[in-house]
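Below are two complexes that have chain A in common, paired first with chain B and then with chain C.
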Partner chain A sequence: MFKVSRLLVILLLLIFGFFLVSGIGELPLFGNPSNPVHKQAGNYYLEHAEIEMESPNVVTAVLADYRAVDTLLETTVVLLAGFAVMLVLFSTGNISKFEEVVNSSYILKISTKLLIPPVQLFALYVLAHGHHSPGGGFQCGVILGSSLILQALVFGVKETLNKYPPKRIINVAIFGVLIFYSIGLICFIQGGNFLDYSQLQSILSTTESHTRSLGILFVEIGVSLTVMSVIYLMYIFLITKGEVNN
Partner chain B sequence: MIELIVKILLISGTFFFLGTVVGLIRFPDFFTRVHAASKGDTLSSIMLLSGLAIYNLSENSFDSLLVSLKIVLIIAFVFIASPAAAHSLTEAGFLAGYRPWTNDLVDEKEKEEEK
Partner chain C sequence: MLALLNFVLLLLLILTAILAIHVKDNLTAVFTLSAYSFLICLVYAELGAPDVAFTEATVGAGVSTVLFVAAILHTTKRSSD
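Up next, the complex of A and B:
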């Protein structure tokens, strides 16, 4: 029985592999200017991003406005991945109580205390300056999450858990995704398409391009909250093997 | 004048980086290697970055001032983070059971002389 199922898996993999390999011949040549990639939406993005949403960084404009639904589902996937990690680690039934030995020296604690506020400030800078320089919600979330992990490394997981309880951080993660969805819904209710930020104009009362720019910023705030909390939660669950008091 | 300062900073920075690499490879044990890596690394990156910051100021505009300010912030970050990291690395090594290297040849000779 076991051998039959293994044979079936190998057969399935071979079939899918055949389809994948046979598709390689159909791909356009690398770097060819007449490729479909260079002929369709790309040029429009490059020409209109700065005019339509005051964002010299075209990547941010494409990520959070032109392809906002993609990013929306990406953020949802990040949240679900965090949930999956938590569920897997919860269901192991590992009874061994989590014990930790914190022997961080005075030098380490002081230098961490010196470093964490600038790191978090830099994360906010990356978030707010994402329109003009490399950056945005995902990067800001990663930097914020790493500042939380640094605290857990130096001051011990238990103290960090008291400061940032997992229950509350899970709520923050969900709240981040909720911000994204609710902004999309507000645009929808105002009479436009889902995630069409220009519909926020009557609420924010600025020019249309500035409204879109602000819409990108709001959405990125939600993304960064989600990414931060998911990274922190994954670290906490991996280090304690799911032994979190909930 | 500015160019001369920048040249001195950059050349001495690369020299100290070379010293770091030599120390990292040639020193006998864990602690001396971490010592060489952290000290030389910190000093030489501070020299290189300050050289870049000064060179960037020669343009005399607000934008270049901002960029120089950012480089100075990086220097401050490296100055705090790198020694702290080396400190925790050596502490972890000590707790894991590594002991500082002693010159066994000298010790053996002394023992032989005592005999």
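Up next, the complex of A and C:
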């Protein structure tokens, strides 16, 4: 019986595989300018991104300005995912019960101390240079979060928890999302659309393209704060089984 | 030359994907998955999407591996030897 069902599955997979492979021939060529994808809004973004918001990296412009609501809700989803992990793993246990053996050698500790500042500086470079090169808020947040995880790995979870208590880091995560929402709301109050950064012009008093460029930067700072805190909290809650009270 | 690189990368991708499923040890599977992430990051970079490649390198190959290892620490019983 088992053998028959297995044969049936393989037969079905072969049929589906045949249709998929025969469909590949009908796909448009990679990078062809006459593809259906390039006939939509993409052309407008490519032509106007650098003029409208001084951002040669079109990906950042699309992500944080033209499709800002998308990114806004993505950041909210990251925050909610962090909350979900914390709710599932949370226990009322105390951190002092958590058994931990930190036997990092002297060389490891010193090299980590040397490594962490350049890593965090690189994260800030990725954030600030997102308009010109690959990168942006999300990547910056991940690199910052991994520098915190590195501290927890080498110096032990307890010491890291004393430096960065989870209660405070949760506030940082919420603050990041709040920055994003409040910038959207300020634009709305100024009389424009939600997240239309050009409405900030009267506050920042620069040219319109520079205002939109700065708007992208502010929003990405919020995204990076949220992502950093959520990644750090996920690691802390996983490694201590949620016993983070002190 | 680029086509050859693409071919080798895609071949290694399929290999690591199959390995990650069939390996018995959880930790080995996680590191195979990390290698898969890094290979697909190279594919993205080769296709001209550095932003996606960057995200894949940081999230896929970096942080998710650490989170997986942290989860495995609590799911498997450690032997005393």
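Note that in this section the second predicted complex is superposed on the first by the 202 of 246 C-alpha atoms of A that agree within 3 Å, B and C clash if a C-alpha of one lies under 4 Å from a C-alpha of the other, contacts with A are read in each partner's own complex, and residues count from 1 in each chain.
Definition applied: a contact is a pair of C-beta atoms (placed from the backbone, for glycine too) under 8 Å apart; a residue touches a chain by one contact, two chains touch by 3 or more.
Small disclaimer: the values here were computed from a predicted structure and weren't measured.
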item: Partner chain(s) touched by A:Asn103 [first = chain B, second = chain C, both, neither]; value: first
item: First, second, both or neither for A:Ser111, with chain B first and chain C second; value: first
item: Touching partner for A:Leu124 - first (chain B), second (chain C), both, neither; value: neither
item: Partner, of chain C and chain B, that touches more residues belonging to chain A; value: C
item: Touching partner for A:Leu178 - first (chain B), second (chain C), both, neither; value: neither
item: Which of chain B and chain C A:Leu161 touches, first, second, both or neither; value: neither
item: Which superposed partner A:Ile231 touches (first chain B, second chain C, both, neither); value: second
item: Interface residues of chain A shared between complexes with chain B and chain C; value: none
item: Chain B-touching residues of chain A, taken from the complex the two chains share; value: 103-105, 107-108, 111-112, 114-115, 118
item: Residues of chain C touching chain A in the complex; value: 47-48, 50-51, 53-55, 58-59, 62-63, 66-67, 70-71, 73-74
item: Complex interface listing, chain B residues touching chain A; value: 73, 77, 80-81, 83-84, 87-88, 91, 95
item: In the complex, chain A residues that touch chain C; value: 30-31, 57, 59-60, 126, 133-136, 138-139, 142-143, 145-146, 149, 153, 231, 234-235, 238-239, 241
